[in-house]
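Letters A, B, C and D name the chains as they come in the text, with residue numbers starting at 1 for each one.
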Amino acid sequence: MNDRHACPTGPVRVGIVGASGYSGEELVRLLMSHPSAELVAVTSRQYAGQTLAQVFPRFASHPRARALRFSEPDTERLAQQVQLVFLALPHGVAVEFAVPLLQRGVRVIDLSADFRLREAAVYAEFYGHQHAAPEWLGRAVYGLPERYRIALPSARLVAVPGCYPTSILIPLLPLLEAGLIRPEGMIANSLSGVSGAGRKAEVDYLFVECNESMRPYGVPKHRHLSEIEQELSLAAQTKVTLQFTPHLIPVNRGILTTLYLTPLAPVTDAASAAACHEAVGACYESAYGREAFVRLLTGKVLPDTKNVVGTNCLELGWRTDPRTGRLLVMSAIDNLVKGASGQAVQCCNLLCGFPETAGLS
Amino acid sequence: MNDRHACPTGPVRVGIVGASGYSGEELVRLLMSHPSAELVAVTSRQYAGQTLAQVFPRFASHPRARALRFSEPDTERLAQQVQLVFLALPHGVAVEFAVPLLQRGVRVIDLSADFRLREAAVYAEFYGHQHAAPEWLGRAVYGLPERYRIALPSARLVAVPGCYPTSILIPLLPLLEAGLIRPEGMIANSLSGVSGAGRKAEVDYLFVECNESMRPYGVPKHRHLSEIEQELSLAAQTKVTLQFTPHLIPVNRGILTTLYLTPLAPVTDAASAAACHEAVGACYESAYGREAFVRLLTGKVLPDTKNVVGTNCLELGWRTDPRTGRLLVMSAIDNLVKGASGQAVQCCNLLCGFPETAGLS
Amino acid sequence: MNDRHACPTGPVRVGIVGASGYSGEELVRLLMSHPSAELVAVTSRQYAGQTLAQVFPRFASHPRARALRFSEPDTERLAQQVQLVFLALPHGVAVEFAVPLLQRGVRVIDLSADFRLREAAVYAEFYGHQHAAPEWLGRAVYGLPERYRIALPSARLVAVPGCYPTSILIPLLPLLEAGLIRPEGMIANSLSGVSGAGRKAEVDYLFVECNESMRPYGVPKHRHLSEIEQELSLAAQTKVTLQFTPHLIPVNRGILTTLYLTPLAPVTDAASAAACHEAVGACYESAYGREAFVRLLTGKVLPDTKNVVGTNCLELGWRTDPRTGRLLVMSAIDNLVKGASGQAVQCCNLLCGFPETAGLS
Amino acid sequence: MNDRHACPTGPVRVGIVGASGYSGEELVRLLMSHPSAELVAVTSRQYAGQTLAQVFPRFASHPRARALRFSEPDTERLAQQVQLVFLALPHGVAVEFAVPLLQRGVRVIDLSADFRLREAAVYAEFYGHQHAAPEWLGRAVYGLPERYRIALPSARLVAVPGCYPTSILIPLLPLLEAGLIRPEGMIANSLSGVSGAGRKAEVDYLFVECNESMRPYGVPKHRHLSEIEQELSLAAQTKVTLQFTPHLIPVNRGILTTLYLTPLAPVTDAASAAACHEAVGACYESAYGREAFVRLLTGKVLPDTKNVVGTNCLELGWRTDPRTGRLLVMSAIDNLVKGASGQAVQCCNLLCGFPETAGLS
């Protein structure tokens, strides 16, 4: 009987498939310092045979980085080495590793988009090809701990949310669920650092092409909309369509999202604006007041990515506008931590019965 | 009879009051190379006695920069030296220089907010104090040449628009006037480089505080809303209220504005989206097809500030979204050129009867 | 009898005077996570009364940051609260706090230049005024643990080296001591990020003035030369004069130093170059092979500040040039960590009998 | 008889081969605004068929950019279209185009390293392969107008210096020629912006890999040494060997070089230091006092790349150090303008009998 799901007594042995990109590198950083997980395998076709220290000089002071070598990705061998695997692979590739690993009883935390959607048709619409293992779509847990904390501990397959979705869903889900905002007409304007594009040798992401540049892209139908709208619709109990515009900004890390929302209770003057502001604050306090990684900004300060970079925190601020009747919500995260690898480790902690903040503070 | 308004035969003698800030420096750059304007006076309390070359080493190769010295600002003396003055001063200070210069027959192009509003009450609401010369509010021409080209040649006092307003008004005015969009519910999400904050020694604008940071500010009632809404209301022939959110981004120059709009003719599917897209393109072509400084992006490219930095151009792109029914319009300018000093020179060209692009191409 | 020097049984209570600058902020970050030091006092005239979380939003998730408030600096009160104080104050101000604290039996780790020099005359020459407490100059230990590890545990007053000195001394000291290089004619060319200038509201350090700029400064007699030459002379057992040129570079953090040296054994061809390279490697291996915070780059990789930013590590690489006969040594550190606050914590660990890497890995 | 060398009556028709890189783009920018050169051909395998406006949106407002299309590079066709060609091609490729163009009577200004060296053996040593047309090596004029102004007007083939060489040679040549410094032991420490690496899709030059990074590279034998030492040796009339260390810095443009030199007349105290400083100043004044593109910084200001970016100027500053006896010289240029395309246009002006500053001010 495969009992790997049980809470382990010793450290959990984990591996990373595709550890040479930015998310993979961040996973390495977090897992090497994790008190209860032991990183025993990292794979990369490109770097097989080299140590972590050779590929990532910044980790060279860590004993494990000098000892651990990249290997060719081999699911059979991985299944013997580890109890849990993080997949930091491109969309469409992750599924090829996830299924054989799952079949061998290895728990999988996938950072790609391959298992985020529940419906194969939506996947095909947004990703342009049929899903390779649609039978697994319904069995993955969406790895947003603030939302799926109950389902995660027993999950075999976790689909870690995208970076933009994390910055949008955490602010929106409680407001929708509490019925504080109208589910129609919501707008998310997002800014992302360049690491969001991955470590890809493309002219568009060269220093000179990005530095001193600000530009929208992927307008109007970015792929991340599919998972965002899926989760928003579940929370709102109605089909939600979102306006979402990402922009590329010359910083290494960070996502700053500004949300334009319509309160259900009309805001028409200073009094109703204050009431709305307070109701939103109460809703967030109730939803996130005890969350380790959501920081509610209740004073005059607004979110700033520099305050969350390198951490698993999301900064959340809000304002009501009596002139327009709108509610503005702003969030900031590190796209590689709360937007990817940190959230994956947070999920791992829940799967393994570790304190949720283990390795993340 | 004061005949200074007449088209001059020789070069027009111009001066800059407050030439030590970023806008002032950019005016110096543009005017030193202007074919028909002669920069004969620059003032600065801080730098009085020094040459332009000493204060701005980057201009030191220009003979005029080595010859021309900053003087103390003195309206009487200026009135003897120049026919036209650019005021690159803080809000509330410009008015103190504008009025005596105007009274002495000098034409004034003011880059501050002091004369942009038509109503003293709106000024007081947004700027927090009474206007010092309300009688002049109605006599200034708003210096947006694409809009006020007919009124500018005879203007004595020009109020050059703010940087954000320029990036918002050029995209919106023709759409409102043509009735292509609803005047309610418009949203402007803007990103600005740090030079927009001026050359002020404040901790918030230190390199380390801005680099690797993205942050909203001035939410929800930025001062620029007053002039934006004034001009939008005139075009829409109804009172318009705008949602506007500026963000600070670590680039030296540039404003990128993303506008969220609702087409009057509903967009519900691919066909209506295409029709809207085409109608907007026709409207822009009609409004700006012959404009030297508005670049309509009709292909797949979206606006990018790096394509306009250092120029007086505004890049303009648009997309319709059949999923949400919205129209998205995006613009990019250099905040110091089309958003300030370049536009001021463009106005100067109109006032003096020069070709509108003189000194700007 | 004051027995505070003894190795404590519980956590050591520490305080920071002047915690609102960049070094102070970095000390806060490190000490809040330190396993054996307890940060119980932070002072700042400017922020007295506010919590750490209010002044540094990035720390707001840390319980201590929400609890601990800045107080007015008061040496008497501090002496009751803490056993050890970090001074993160400007040069000339630190001495005013150090002496009363020392007199009250508090151990002092000073990050300023006030106690780095052994001779009051040198201080006066380089800092332009008489030293306020010359009797303490000889009693401070220079806080470079790789050099003064034996003296530090019993030190009452530690003078933490400057950022440039750290990047220069660690590479040079063992080479001089081993007699591998000539002490004459050495050159240090250094590049620094802007945080090295401190959190000062000066126009020179505004984002727009630093971004897209590279510039030397402080040529040819920077103040840091005094402590560098003092330590080099001690190691070389002869008076050493160094050529040192700092440059300001648009990054937040980091110092990259390139040293131009002359090997004592002439390098004239490939063979002597290889022998020199090997001898230097052996010297460094002997000096630093067991150091936790010095990373010897023995392969093809050269130092890169991005590999040390956020860490207490110094990257060290070297090359011999058979064409010129020179030895080139390159080092990279984070100016705020190994160049200031991390090194201060490393010293604190030695003073308190903690593992030297406590709170730094 | 081929009379193309004669000074033309109308505008000179010019072309650019390889116009899609950063140097090519900068040539396009300069030549489109040139008063006497007419850009009639641009070639690029990758972009053949597209207009300049499509490939470089920033030029889209220029009528020529909308009209001129990239063509496949075809030397026969080019020879019919143009009188002069700029080659902005990789090393080793330029020679393949230069020779057939020269044979057809087209004058060639080559921005690559293919014709900078006089000796084929040195080329082979530094570039790792035999030169494809060694017979042309002796016939090219090195395109440093401040040095070869007399030879350039009649040149058929110009080898434009590299960016680092320009920043090093202009400061050093007059000092060597005047015998003010010793030709032995010179050191050049250079910092370069990322555009110096070209528009190449390589991971090393991605935004995230360069931003917040400072690193030396190419140590100790960079290819540019070959041309630098050739020209230094000619000026010194003895074989010169230089120590040269380039560093990569996160700016788009600019080279900052700091030179460490030994004055021939010993500097040992304040008086000899002042005398040396004055002699160097007189030497530079004599060499460059009438140069349009060399700016001598005689006051307290030191070179800063932000003061030359976008211009063809070189900023030059110097200091003597009585403590070390050395002379320090610092220079700043825009690597794409004075370090490449601007200098190429300056050469073109000399070849064609235009004012040397035409199109460059």
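What to note about this one:
Criterion: a contact is a pair of C-beta atoms (placed from the backbone, for glycine too) under 8 Å apart; a residue touches a chain by one contact, two chains touch by 3 or more.
Everything numeric here is computed off the predicted structure, so don't read it as measured data.
With centres computed as the average of Cα coordinates, no chain lies farther from subunit D than A. The chain pair with the larger count of C-beta pairs in contact, out of A-B and B-C, is A-B. The mean-CA centres of subunit B and subunit D are about 37 angstrom from one another, to the nearest whole unit.
Inter-chain spacing, taken between the CA centroids of subunit A and subunit B, is 40 Å.
Note on chain placement: the centre of subunit B and the centre of subunit C lie 47 Å apart, centres being C-alpha means.
Looking at subunit A, one finds that residues 193, 209, 211-212, 250-252, 304, 306 touch two or more other chains.
For subunit C in complex with subunit D, the touching residues are 185, 187, 189, 191, 193, 209, 211-217, 219-221, 241-243, 245, 247, 249-254, 256, 258, 260, 302-306, 309, 319-321, 323-324, 326, 328, 330, 332.
Touching subunit A in their complex are the following residues of subunit C: 33, 54, 57-58, 60-62, 212, 292-293, 295, 297, 299, 301, 304, 306-308, 310-311, 313, 315, 361. The touching residues of subunit C, when paired with subunit B in their complex, are 22, 193-195, 199-203, 205-212, 250-252.
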